[in-house]
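Common to both upcoming complexes is chain A, partnered first by chain B, then by chain C.
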Partner chain A sequence: MSTTPADVERTVVDFLKRLEKLPEGFDATTPLYADGVGLDSLETAELSALLEDELGSDPFSTGDLPQSLAEIQAYYAGV
Partner chain B sequence: MVTDAATCTYAELVRRAEQLAETLTAGEVRFAILSAEADVVVPALAAASLAGAEACVFPPEDGVAPGSQEEIDELLARFGQTHVVTAGGLAPWPPASGAPSPAGAGTSLPDDGRVAPRPHLVLTTGTTGRPRGVRHDWSRLVRATERVRPGAEERWLLAYGLHQFAGLQVLLHVFAAGATLVAPTPRRPKEGLAAMRRHGVTHVSATPTYWRFVMAELRGDGGPVPALRQITLGGEAAPGPVLDQLRATFPGAALSHVYAASEFGATNSTKDGLPGLPADVLTRGEDADVAMRVVDGELWVRSRIGMLGYHGEEPVEVDGWRATGDLVEQVGDRLLFRGRVSEIINVGGVKVHPLPIEEAVAAVPGVQVSRVFGRPNAMTGSIVAVEVVPAPGADPDEVKAAVRAACAELPAAARPRSIKVVAEVSMAGGKIVRRSQ
Partner chain C sequence: MSQRVVVITGGSRGLGAGLVASYLESGDLVATCSRSITPEVEAWLADPELAGRVLFEPADLARREDADRFVKRVVEEWGRVDVLINNAGVARDGILGMFSDDDIDTVIDLNIKGTLYVTRAVSRRMLARRSGTIVNISSVVGRSGYRGLAAYSASKAALDGMTRALARELGSRGITVNAIASGYLRTEMSHGLDEEQLQQIVRRTPSGRLGEPDDIARACQFLTDPRNTYVTGTVMVVDGGLTG
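Up next is the complex of A and B:
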């Protein structure tokens, strides 16, 4: 079963809500780090593990550092 | 000795041991014991000690039976045993070899029952690779029992396998006390609890993990709580929450924990029921059989009751110091265990010890058992991962949220970044496996 963009969005948004880091106006192009969502390295590592658990693989393990939800969704579109 | 099948008196054990020992004197016999049944293993061990023949109890694969023939053959070839002992008795190995026949009697046993050396081989659990053979001598092992007080009325549960060093310690203690050994098979918590109730067990020595499961069984079945007088913990660090739960569950029992390992023997029995070791273990002096010191946060031991060496290697240095692999921190007058060197989790360059995290998780309501370990991660090298076995009826999502809340005040690198609810956690030798995966 393929991973849809909606599956990815739900996983990421639920994660950010749990961290209480879902900014107002968050969308697929919002930067995940620094002035965007502001994920630190450990939170990014946690998201990486969560994506692997929930969706079977994760884009961070390829050596890339996705900058936004859209880039994460693009990874799963190509899997 | 009480097993599932029968009760055996000391006189009967001695008779069977002497009978087998007469055979073992017919040449240089080294044998493997391929059984988990105490009524097979115990007379064979006693016979080996009497005759000066080296025995080794092979680890049962599932707590009941030995592993596959292929695994047994590999161990026999590696450790060079000439015979095997099963419920059917002693037999040469391989069967067609020229090893002495077990049917023929050898030379007589010494009148005083003492031979030297009296070797024994214990296999490590092999959690970090193939098991190694740890060479002991019964004469050194029994020195640890010299201060055991008579206790004919004591009824000890055998919760460890006799292939384990801890199982041998229990056996020697029981013999030294003249007590009764209750030995169910397999030696899992469920069968152990049943044996405690059925046979009126008064004393139990087991790992903290074993005790967690015993208490879970008690909560689950609602049956009577055994009237234990002595609870001993060993094999792993004894976390404070487990000690608290044991005190509440068994109010009539004295609590102690033993710090021991196959390599250096039993070093200490702490009877105050507090976590860790009293710091005065570091000032025992040169005359002590076992001395300890801390080097770069790791506990080192010098033992005169420990192993002679590893099978196939040079003997260890007499009075030499050995690193234990246990990380400790002195807090006041206690040495508290922080985990194993091999269990340290490197989170982005920060070294994280799993035990304090596991203690925090274990104290969360709804958590039956937990395991903390390092999980590889592309971002930080590793992250702290937790597996949780929920208590019966506990909601998995609520348990995960409670675990996160319980760990919220830990340093950022130590906070679990992966929490999974599982049916069981990875174990080896009755201990939780915490090495990074």
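Up next is the complex of A and C:
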């Protein structure tokens, strides 16, 4: 079964809600770090682990550092 | 206490086998690995009373692929890892000036790199669930040193450093990380010490004996008790008072 963009969005948004870091107006292009969502290195590791746990693989483990939800969704579209 | 998923590396003999036996006795699901299967592991796998509670995977943890495969299999089988005990290790004794490259690589690759590979894979699972406990089996020689055990002592000191760093890194996510600095045990891993050296150690040990795997297993059970979340980043010395 393939991973849809909606699956990825649900996983990421649920994670950000749990962290209480879901910004107003969050969308697929919102930067995940610094002035966007503001994920730190440990939170990024958590997101990486969660994506692998729930979706079977994760883009961070390939050595890439996706900058937005859209880039994470693009990874799963190509898997 | 509910049934935990416990991963113990190097559990096929000696101290590792004692740790596996302890967690089987406490009713947990126990996964272990080593480069080859032993009669102890075969007996656990064949025991009908332990059916479904023991998982064994042949693995050389100095190889990253083996470490990842082992952890992946545990998660596929049981869905999570609650406890990781990094016990796998190897000792090579001799004067460092006469050590071969292979001997140095063997000790460093398994004791440090292998431990990091397994811990990386397991800690990701623990991060995703925001819970877990890790115990690194270290040694008093990592603190006091011992003639002829430079590489081994260095590797155990490295584990102590890793323990403190990871405790800080993962503490906010409900994951505890501790180490046990084991004293001298009467197992096959007595590091090439001869009987005279062992007797000398006994004479200098306040408790008047060498350690047994059970001494370490009981300390491990304490550190992995889910109630003990306030104990993290510590290296617990279990050595009969030798280095006290």
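Here are some notes:
Everything that follows uses one rule, which is that the second predicted complex is superposed on the first by the 79 of 79 C-alpha atoms of A that agree within 3 Å, B and C clash if a C-alpha of one lies under 4 Å from a C-alpha of the other, contacts with A are read in each partner's own complex, and residues count from 1 in each chain.
Following the convention adopted for this analysis, contacts are C-beta pairs under 8 Å (C-beta built on N, C-alpha and C of every residue); 3 or more make two chains touch, one makes a residue touch a chain.
Quick caveat, the model's predicted, so the values are computed rather than measured.
In the superposition on chain A, A:42 contacts both chain B and chain C. Judged by the number of chain A residues each one touches, B leads among chain B and chain C. Of the two partner chains placed by superposition, only chain B is touched by A:60; chain C is not.
By the document's definition of touching, neither partner reaches A:6: not chain B, not chain C. In the superposition on chain A, the residues of chain A touched by chain B in one structure and by chain C in the other are 42, 45-46, 48-50, 53.
On chain C, the positions that touch chain A within their shared complex are 124-125, 127-128, 130, 169, 172-173. Residues 42, 45-46, 48-50, 52-53 of chain A are the ones touching chain C in the complex.
Within the complex, the chain A residues that touch chain B are 40-42, 44-46, 48-50, 53, 58, 60-63. Residues of chain B that touch chain A in their complex: 347-348, 375, 377-380, 383, 385, 412-413, 415, 417-418, 420.
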